[in-house]
């Protein structure tokens, strides 16, 4: 609770059993393992930190070039480079335990079994508060179709992870689907405690001089302000379709952006690409939420979650 | 054929039976009925003009506000306002017949039968060179699911239209699907002479002050440079999946943008939102294509269609 | 009607009051064709953010082929315009839309609220060309404060009009709505031109309607193209049908507009 | 290592040659902590297009807490930087990355190609602080033309270094590659520092490798964050594993890099 202009502003939110001091989180893959930002950001103020996606074994990632700027956005094809779950626990958790914020571990695998094994290894570890399951990865058994585009596969991953952990499980949805509410309902039914969305849209860029793709991987994930309208629409749709909490992600850089997602029904938000160009984005969003609530005469951020008003036609 | 630096540059392309003097077209809904631009643009230089989507009866469209700017893009919810096929033939065709360019009529309906009826009415009219079938519209019989997200429905529309016309039929695909190549193959099998893509991504924006959607229609179509990476990726995927010509659309504003789509496999491109902020975009793309081809030592634009080089992994 | 796209060099930037600027550009083709009430679509930057052009009324046409726009900084587009310096180029399209109806000379009242003043100055100057003295014609200007409004009051006064002012803070003229000034003179008027916030124009339109005085209003709405192509700029007309502000307007007869919205 | 985000007022803009600019900003925290070879991530505009910050080497730290960057206009980001005027603010993050290894004083050769000159000037100045005369140390500068290179040649000369120049057009010094200058002196050198185009650094690295001279290179790659978070800035290391330029570099020992790519 904070006091602005003599008013108490309560920013706390709950994602199932996970209680956050404020709804502002940092998105996986855009905030490293938090230490990278420790000189520039007051990490202790964040609602939660979602770390870079972790797999069972370390992954080297894709060949360069891996990133390219686009209009109001960027494409990345990092290829899920990460230190692996063991490296993470040995080399990254100690620093994270010293941060007075929630730590959420983003996990990824090539099969439901891998997701389950990861969940098991990350459970019962001091300092880990929840898991975020990245289902945008290709299922190697099913010929590389992403788990996140098939409700049955998403169900299987969610069930397997839930079976291996008592941590709150957030399932992170891919936007590259015809109807994201189908995916959201599938993982809700499978026991997800919350959903987060969106992951990146699939995009591409070509260097016309060399006639080659700008990314070595040819295609990559589009993120940043460019995708915000799509993300916001999907969050609004999903928030009306499920009864578990929704975490909004996609192009959020300012308090106004965050408020759009909260009004559309998100209980919390994640700041992604904005961390790259404005490391203090999350902190200034926290300040901006408080200022907005004070100006609007609200004493709790929870009052505005889903408070979008739509005129009857 | 033009002569630059002593070199003949051939910009002609073919979309099935439809021959264009250059691959640069203007996209439906972004160029009115061409007359709107006649003071600012040399219409006779364009490869083709695709007119605003026409329905059987005139439509008033959605209540305002209908447009909102977003990061490097815009959302529109015009609601397919148009003069209706009769109004179009009586009031718009005369001007278009005077333009020395191809005229493609974009059509839309609430049922396959409506699409068919429209195709019939537009066939055998002097000055109409092809039809572009907008299947992003909701199918009223099937509870408002868009024709463009269901392969069976898209097949039915395409078949019906083909049955009513001998004009070349371009089917315009929606990007709001899990796998756009499935849709492309469906309409190819149903007889489409070409596909064009992408139509707009569905998006949303909220005014946080009033807590209301910025568009009266709540959701709208996202267009402009922001969506270019997604459009380019889909064009590349579709060009490899079908053998009919592909027309690339989405955020194209410069010759470099157009070239990316041609290299990815598009035979022609449509300039959309860019017409609003740079009415001469299409003309300068034509000039830029020629300059690029000359610089690269190519004498025909056809040499670069699909010429993207991808290193083997 | 002729329309042009010109890369207009910025000749002068005047800071009128905090956040209010007047730019003078050299745009001979637009200047030569512009009619009071018409507008230009201005590209504020070469960046793609902001993407769309911004509409501004032609505030004045000055000799040598120059046009002026007058604006208030309200968002990122106007903020960028305010940062330009003489020598920069502004890509402008215009003149666009249907301006004020100026067939003949009547007893007139021009009512401008806030930046709605912008097109009225061009109108006031053109009206002088009818040759008749404007001494019996009124110009009512409403603004936030003396700071915002006093220069304009002086400029209309210098043209010969009878000028009255209202301010929100009472620092100059009438303390209240600019439309309050209309009541006393309305019976003598034959024609009212108004531009400003929608609620202000609504009151003016209603008063004129009751007094059976011909009234023209200049409307604002979000525009993507300004050319009649996007169909984004609709408002609701008096008959319930949509009107397209950029082509059918921005100037409308008050009775064409649904004032309920 | 300390890192800061500062809104740095632009104090001076120098146009060195067509398309080449040097900016001086007041950024006392970054200036106080910077080490030669480190870089800053600069936000070129408040607009979201371009979105990402741009990396620039610290070209010089001057008294009073100022830093300089030196750059060539190659795209929209650098074009925007070139349009700034003194008084504008630049949001800078730095100093970032691992700079040149400066433990002790050897017989040195600094080789800069194009804008690769930028970090070498800071390095050359810092080396002076060891107290030994730089008279036996070489600075080889390669550029397109005299116009582009002559100022820098004079500046390094003024520090006391032995300066040699090469130009692409032969308008100053050796007509050809800057690395051609290395051969004659290499046997006498103990350490080579180089920054410039990849092919140039490859040649320098190969020559040093053959002569068993310690060589450090400063690499460039596309960076989204500069902070080690995005993992976008990889290049391939000598052992085939990926190296992250922003944190492990941008300065590497030449033998750490896979020069085949």
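Brief remarks follow.
Lettered A, B, C and D in written order, each chain numbered from 1.
Definition applied: a contact is a pair of C-beta atoms (placed from the backbone, for glycine too) under 8 Å apart; a residue touches a chain by one contact, two chains touch by 3 or more.
Computed from a prediction, not measured in an experiment: that's the story for all the values here.
Shared contact partners of subunit A and subunit B are C, D. With respect to subunit A, maximal separation of chain centres occurs for C (centres as means of Cα atoms).
Chains A-B form the pair joined by the most contacting C-beta pairs. In terms of their C-alpha centroids, the spacing between subunit A and subunit C amounts to 47 Å. In terms of their C-alpha centroids, the spacing between subunit C and subunit D amounts to 53 Å. The centroid of the Cα atoms in subunit B and the matching centroid in subunit C are 36 Å apart. Shown for subunit A are the residues that touch two or more other chains, namely 71-73, 224-225. Contacts with at least two other chains are made by residues 48-50 of subunit C. Taken as a graph of touching chains, this assembly is fully connected, with contact between every pair of chains. Put simply, subunit D touches subunit B in their complex at residues 48-49. Across the complex, subunit A is touched by residues 70-73, 75, 149, 176-179, 201-206, 208, 210-213, 216, 218-219, 222, 224-230, 232-233, 236, 251, 256, 259-260, 263-264, 292, 304, 307-311 of subunit B.
Within the complex formed with subunit C, the residues of subunit D that make contact are 45, 47-50, 76, 80, 85.
Interface of subunit D with subunit A (complex): residues 1-5, 43, 48-53, 93, 221-225, 227-236, 241-242. The touching residues of subunit B, when paired with subunit C in their complex, are 29-32, 36-37, 39-40, 52, 60-61, 63-69, 71-74, 76, 78, 81, 224-225, 253, 273, 275-280.
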